[in-house]
Structure formats: C-alpha cells, structure tokens
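To keep things simple, chains are lettered A, B, C and D as they appear, and every chain counts its residues starting from 1.
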C-alpha cells in the first residue's frame, strides 16, 4: 500500500490528537516526523512510542526533508499563515488547523502561496466529517428536499474555558462560532451576505471584562436566499450541544446529539436517558479520523480536498461581520469587512 | 355544580370549535346563546344540536341578557375591541380570540373598559395550554434551571393559506408570528425590548406581491437579559412544526412535536416513524379545551385569568416592531412602536 | 343525521366512561336510557346531566323499549352472557365489555343467540382502537412486510389492584392477560395453537395466597407459524407499559408508549423525559371513543363490527390454556381446553 | 508503561480483529507473535504491517516462548479446549473466544487446567462490554431498581449465514443464542434453572433441512426468581437488532439500538430516521476494544477477569437445554443436561 509520509508541526493537544490518529487509524498515513519549538522529553517519548522517526524542535527540518509529502500544521494560530507559505514553497501538501489566520490579508497571502505551488490545502473544520452533520449536508446537497430555506445551528460548550484563555481568544465569534459559520455555509451551500449578532454575558463568569459575551444568537442571509441562525453558549452545563437543521422547500432534515448510550431508565420518580457525549474529543472522535483520511486520500487520488482554502477564508469574514454587528448594534454586510 | 352561562359571538371556524368544546368538554360551562350577524340555517341547526337556547343575529341580544355571565368573542379581528368594550360595560366576563386588535390604542381602550368594569378578560393564546409548551414554561418558571438565557421557538405551518387570505392578513408577523411572540414572552417570563427580523419570500407562492414573506427568522432581546429567536415558515410541507426550547443557566428544556403515533417501521430500505399531528386542530385540540376550562374556572373561583390583557397587548407591539425591522433592515426597539 | 338510540346497562366505572363518551363524543349516538340494579341518586343525577331520558333499575326496561336499537352491556362479567341473549332476542345490537364469560359453553350460547337473532355484536377489546397498536396491525395486515414471524406484547400495570379484587379476579390470565391474548391474535392475524406460561409472585404483595402470580411470560405458537410472547407485570411502578411489536419477513414494526409530553430536560445531573400516560383511562381514552364510533357506524352502515364474537371467544381459550400450562409446568394446546 | 506481550492464535476474521485492536487501540498490549496453521503470505504481510515479530504456523512456538505472557485463542471452536490446556500448562494468561467447547466435560477439563496453573482466563462474550448492555447491567447491579423480575433480550441478525455454515454450526442455540444466554445471565445476575424453547423455520432459506430453525423464542426461570425471554431471528432484513431490557421491582431499564446517525428527515411523504448500525463489526466495535483492555488490565493489576470460566460454562448448558426443549416440546431443567 502506498503510504503518505507526513510531518506534524505542533505537539499540543490538537497536534497529539492528529498524531495518534495518523499513527493508528489512518492506514495510508506514515507519520514520519514531528517538530515543536517547545519539544520536551515527554513529547519525545510519546513520539517514539508512536514510531516517529524524526523528532525536531525546528519545523524547518520538516520543510527541508524531501521524503515528506505532507504536513499537518497544528501550531498556534499566529504561525499558521507563515507555515503554510513555507510548506507550500517546499512543495508539501498541507492540512492546517482552523482558523488559518484572523486577518484576511494574511489568509489571502497564504492561499496565494498554496495556489502558486500547486499543492493541496485542507482546513481543519472537523465537524463537516461528523456522521450527523454530514448526513444533513448530504441530504440537502442531494437536492431531493429542494432549495434550503432555513439553516439552524445550535452549538454550545459544556463548560467555560479559563478566563486566561478567553482574554486572548479573539472573542466568541472568531474562537467558537467560527466552526458554526463554517457549518452554516456548508449546510446552506452558499456564502453569507449579511449578519446580525446579538450577544450577552449572562453566566456571571466575567466575559464582559474582556468585552466578550458567553451567549449569542447570530442570524444571517445567504446568497442563495436562505436565512440562517446560530445560537451559542459558552456554558451549557448539561453538555456539549451540537445540533443542526435545514428546512428546505419540500422537507426538513435535523440531527440531535449523540448520546453516551441508548438506555432509558424508568421509575416512579421519572424517566431518564443518557447525556450527550461529553465534549468535542468524544463527540468528534471519529470525525477527526475521517478528516485525516479524506486529506490523505485526496493526495493519493490527486483530487480536491473536501475543505478548501476558500472554506478557510469565508468563516473568518463572517466572524468579523458578527463582531462588528454586536459592537454597533446593526446588521453588517460581508462586503463591509472584505477589505479589513 | 355551578355552571357559567356563556354567550358565543361569531360562529366561524374558531367560534364553532369553542362552541363544541364548551357544550361537550367543559363541565362547568353552559353554552346558552350564540350570535352571528351572518347567522344561517346550517349554523342554526348546528347550534340547536348543541342544545343552545338563544340563537341570534345580533350580539346585542347577548350583551342585553342578564342571565349571561361571560362571552366568547370569536368574530373578525376588527370587531374585537368594540365587542370587548360593550361586553365589559354589560358586566360580562370576556374571552377574546387573538389578537385583540392590530392598533395599540384600540387595544388600550378595550383594556381600560375591562378594568373600569372589573370583569375578567382572557386572550386566546391557546398554545400556552399545550401540554408540551406548558411543560417548558413550568420548568423555566420553577426556577430550578436558573435564569433563562436562550429562548427558541420553531413555528411552521404545513401549507399555505390562500393568497386571498394573505392579502388581508396584516402580514406574517401580525397574523402568524403573533402566537410565537406570545410564546417567547411566556417562556422568557419577560418583555422584549428589541427585535430584528429577517424575512424572505422563498416558496414561489407570491407573497412578495403583497409585500409579505413566507419565511422569517426573528431575534430579540428581553428585559431580563435573555436572547430569543423565532423561525417561521408558511409552508413546511412535512407538517405542522411547533417546537420550543429554553436554555437556562443550569440546563435546557426542549419539546419536540406530538406525533400521530409512536410507531417505528424498519425495513431493508430504511426506518420510518409517524408524522407530526397534521395542523392546529389536531395539535392543539386539548389545549383549546384547557384554555376554556381555565377561563371558566377563573370566573368560578374569582381568580386571575391565565392570559391577561397585557398578554394581549405586548405581542402586538412585537409584531409591529418586527414588521418595521424587516422594512428598514435594522433592529427596532419596542419603545419605538409604543406610540404608534 | 341518523342517530342510534342506545341503552346502557351497568353504571359502574366502565359504564360511566362509555356513557360520557356516547353523550359527548359520538355524534351519531343518542344515549337514551340507562339501567343499573344498583341505581342510586348520584348515578341518577349523573345520567340526567348527560340528558338521558330513561333511568331504570331493571335492564328489562331497556330490552322492552322498541325505540332502543342497541345496548352497551357494562355490568359484571357473570351477567354478560344472559344479557347478550336477552338483548339478541329483543333484536338489539350489542356492545359487550370483555370478557363475554369465563366459560366457553356460556360464550357459545351467547354467540348462538346473537347469530339466531341476526343482530350485531362487538366485544370491548378497546386496545385494538389505540392509535399505536392499530398502526402495528395495519402495517402487518397491509402485507408489505410479509408474513409475521415474531409477535411481542408488553403489558404491565402501574400498580396493584386490591387483594380483595385479586381474590375474585379469576387469575392474571383471565383478568389481565386476556387483553394481550386478544392483541396477540389481532397482530398475528391468526389463532394460537399452543401456549406455555411462566409466572411468579415476585412483588411481595401476596398473590401466592390466591394461587395467582404478579409476573408472567407467556409464549405461543400461531396457526400461521408465527411465534408470540407476552410479558406481564401487575406492578410496573414506573407506569402503564403497553408496547407491541411484530417482526415480519421483510421488516419490523414496533410501538413505544405515549408519553405525557414531548419534553426533554437536560442538566448537569442528567437528562429526563416525560413518563408514560398514567393508566388505561389516559392511555386508551381516544381508543374508547374510537371503538364506540366503530360500533355505531357498523350499525348505521350495516357492516361487520370490527371485534366479533369469535374475537370474544378465542382469548378466553388462550387464558384457560395459559392457566393450565402454569399449573402443570408444560405447554398446553388450545385443543386441550376447547371442550372445557 | 508496562506492556503485556501477547501471542495470537488463529488469524481468521475474529483473530485479525483482535490483532488490529491489540496493535493500535490497547496501549498496554504488545502484540508480539501470531500463529496459524494456515499461515499464508497475505496474513504474513498483514502481521508485519502491524509490527508483529514472531510469525508462526505452529501455536507451540507461542506456548514455548517465555517472553509471552498471554495468549488470545481465536482458532476454531474444536481446538479451544486443547489450546487452553496447553497455554495454562505453559503459564500463559488466556483470552479465549466463545464458546470454549460444545461439550461440558471438555469445558470442565479446560477450566481445571486453568485453575491448576493459576493463570487468568477470560471468555469472549464481547456484548457485555457494549455501552448499551453494560448500562443495563450496571443499573440492575447497582440495586437501585430492586430485584430483577423480567429479563428480555432481542437478538436478531440482519441476514442469513451461508447454508454451508449453518450445516456445521451446531444449531441456532449453540451458535447464535449462546451470546444471548450469556447476556440473560449477566443481566439477571443469576443462573437459569429451566428453559422452554419455541422455534420455527419461517424464512424459506431451508433451515429445516438441517434440523435447525431461523426464528426462536426462548423463555427461562432464574435461580433468583426472575423470568427471562430471548427472541431470535437469523434474518431480520431491516438490520442487526440488539436490544435488552430488565424490569425490576422499582423500575425498568431498556436499551434500543445504536443508529448510524441521529438524523430525522421529514417530508410530505413521511419521516425517516437512520438504520441501526449494520452488523456486529459496527455495533460492537468499541466493545471489542473494551474487552481486550479489560483482559490486559486484569493481568497488569492482578485482578479477576470480568468474564470467567464459569461464564463460559453456563451458557453452553443453557444452549443444550434449549435444544432439548425444542426437540421434545417441553420445558427442560438445567440439571437435566448437567451431566451430558
């Protein structure tokens, strides 16, 4: 079997997650090297245990290795664009975690480098590979329900991130809703043209101190005429709540959450069912493997990757428009933020 | 058993529905008289079969009858305010179908007359009595989930009304969403302060000809800080879709649709379950009986009615704000429409 | 509208239930007379309130009244056969509560009288009219799933009857499982040929004192080759549990319980849904109305009633076979009890 | 990390499944050697790709290797007992696929050898590790619902095995129901004392030619007083149907099937949901990994394995009793087959 030699850049939580999957669950991947400027003994041992040959501090060693065909960029967001450009110039195919950058020009520069080099790029919007959301998309895309009219995304985290994290997160829309902006575009099959955001700090955890919110409802219009709505919470203490729905001309497709099990317990006091799977590591576990496989297969078969550079760009515009809308209390057209 | 003698005004579809229920399903009601300016033989026969004694063309005969303690006003909307005033002056308790009027001043005049007369008034927001939505409200109102953060109402009709009806309907927000505005207030336990509406004519049925839409997403902020969203369609061909959800600080309560039955049919081709109950007559059948009982019991026990005059006023403001928002493409504060 | 004049015999719990429905919810029924040997002032007042003209102690007054076309026999089981015979001889159509009798010869005599008189007879197996079980039957009977292979009936009461009742109940199979034997035949579309019963007194309530059980699993073979199983409990404290399922050659149809509402409440502690509707008055409320309508319509349209005399006879044989099986610890063929 | 060196015996479908899991998904396992008398190039390549060092034709090479601490016996059933004895005598811990043998004496000899050697034995009843069935067991075992009264197991395969397989399968009870007998014991927390089996060849596939059935309902009594029922089909063309339920004194716990996704698609024609996961490889995928981890952890922590030798013995008795019951058309006590 042809295996793609892969270099992994960044060995934080998400980098390690991709590393384990590439080593164990993606048959056509050969996880060959890893680089992290903060490389330490624990990571070194973890990498050795996975059978990784090259263990480096400097990503350049990956870019310079002609054996390596593809890279996974899992470093901090502010390094993504640079690494994409370097990887492209080195002729490597690129999987990059989301977002590519929070600045549109930087994203465009990275996409230009990719295009110039003729390499493949896939952006890490993993939820597209979830069996539930994918089913919604597939049904809509099949056209059997007619054109989409209403797109709904419910996306709530089970608990707060630390306030240290929130402080530097870039705000709820760029940090959290970015996934939902991608999902809404993906389900609608169309770009947003206008966005209106309501938000509030309701949890008492102090988001208002950082000019941020913990609760939001964002509505939007799409080019194809569909309307969309996303609702978010940073602290849905009952669990990770990830539901999508598209009402089309002839019907509606909706998905509820995966649950921990299918049990129903009935007593005189009441009836209980299982809670949703805890958080994204549980809920999207198989989706991560599916996105990695899709990337490797796109290389092997020389086909388009399923999440393109444009897919990395548009949600960032949506997040910028939402932030501006919340700030100014008015709907914001995507065209207003195009040049920021 | 003490029975309340009731006069019914208006024998159209909704009037007849209340008539049958009062005659058969509300033990403490004595449906005693009916008046309709368009009284005809069929209605006369129908009324006799129900055992109604007084069958009139002129509502005055009901207002003038000292035996009658309460009236159900089920005539056309433009007559509601006048009939409320006359009934109040005659000392009758009043059940009035929604909306009281589409003009705020007319509503206020009617409410003043009710207050001056010291009679009871209940407005026909029947969905509050649905076992599902009521459960959501009861759980939120119990406080055990903490304060509400996000209120969601999905409300879609299974098929178009006639375009003749749409032409004079007053627009989707006053005609259809009015129920959902009431529901959102009821679930949030708070008044709206600002509303943003998106709408579109997507069905091809021609709503745009009457400056109306068939699809809408309306977002709102409540006085208590909660955010809300309503999504509407005039033509959800898969069925009458009526779901509500409130996410609170400590948890979430949501209700799905009643289905025609609990069957699941599994074959090699796929798995099917029953469709939602067809339309409001099926879905809210028991809710109508419950609202009628609640009104009669409020009279007998001399307690507050569960849907007050203010509950009749506020949703009209919300509908006006939503219409203005859609027209001007901006969020509208309730205070902007207060004096219209 | 043609209305059928009906005489009701027996004004106990089930008689009153039929009375209220016939008066209020079956448009083509005219509840005209009632007879109960234990007639008292409360029942008299109840009957007057329903608008019943003839209120008697003696059922003969109903049989003798030529105005009356049909009777509802809701008296105690030991009177059913006699009243059927008398009603038939008086030319009245007959609705009789289940079981017709616990003695096969007495049932056969009653059925002969019905046949000789050419009147209609419907036996009160109300569950056939439940929207859920009826859907299972309709799907199986449509043939689209092929022949039935496995028929499953779960039937559990939410709480014990009094031990005074149990003492004279005739045992679980004749008293409680009789409904399930009918359901199994109805769903299988075939008669049982052999039955094996396991039973146990597990609740601690003392059924063993009366040689009875509170828990049972009964298996059976049908003439058409299908296998069946019924499981029963007298005390499923979590609620009235009434589920059916038929696996056929090409698919499976199953129904779960109706719930009090469609709410789901999610918190950090867990997720709860509504309990099943409490007991048969709640669960089978609409089914009672449907069976009454079906009987009245069979008279008006001169068609077969949907639950025939044979349908009254066969479940009694099944109950007898089950009782013998439990007593002797062996499978019992229906033919063994045919002549008892 | 301490890793257990494992030798795998038998590289058929189930052996390969364990091999992949041990190599990739059980961190504390070191899959070190494999032996299969039918070793071929494809298997050799597969083993190399997994990083297995020792690739043999002869299981003796595994028993003789002092480095190896544990074996997985995945060869054909008739070799299980011999290999258990040899492995035990070599001091290896043993995971053995079900059933140990179809002869009680052979099983007892194998268990004696295990006991004499003081090694651990785990039998491959994988369904105990399914998240659904395990939840049922955990709830029952917690005691919070009181003693079990009714144990129900639905277990149906989505399609026929080949008739060549059926011919030598040992019959439905030993081949297929064996899993359900284990499940029933596990859920009841008690041994069966008597069994009654009904069975029929209804599919038209020809099971009757081999004196076998494709459809069965098996009832049983447990030592603790609970009653149980298993229903089986060899060809539930709608999918792999694996549901369990235990009704206890104070409540009921039941699990439905895992579905392919949580989607609901509603159109004017009807409402569809996803099918159950296709077959045991999909449904019990995670359960296989969990059983392997449990075995390895029992070795590392020197604790009891979760599925013991007795757990391997009792279901075989139940299968023998069921087969005798079906043959003779009568209930069979477990004690009748104890000495066969």
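Assume a contact is a pair of C-beta atoms (placed from the backbone, for glycine too) under 8 Å apart; a residue touches a chain by one contact, two chains touch by 3 or more.
The model shown is predicted, which means the values in this text are computed figures rather than measured ones.
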| item | value |
| --- | --- |
| Given chain C and chain D, the chains that contact each of them | A, B |
| Chain of greatest Cα-centre distance to chain A | C |
| Inter-centroid spacing, chain C versus chain B (mean Cα positions, whole Å) | 39 |
| For chain B paired with chain D, centre-to-centre distance based on mean C-alpha positions, whole Å | 57 |
| Multi-chain contact residues (two or more partners), chain C | 237-238, 241, 250-252, 264, 266-268, 274 |
| Chain D-facing residues of chain A, complex | 24-25, 51, 131-132, 134-136, 139, 145, 250-258, 260-268, 274 |
| Interfacial residue positions of chain D with respect to chain B in the complex | 237-239, 241, 259, 264, 266-268, 270-276 |
| Chain A partner contacts - residues on chain B that touch it in the complex | 147, 149-150, 152, 156, 196, 198-200, 202-203, 215-217, 219-221, 225-229, 231, 233, 236-238, 241, 247, 249-252, 329-331 |
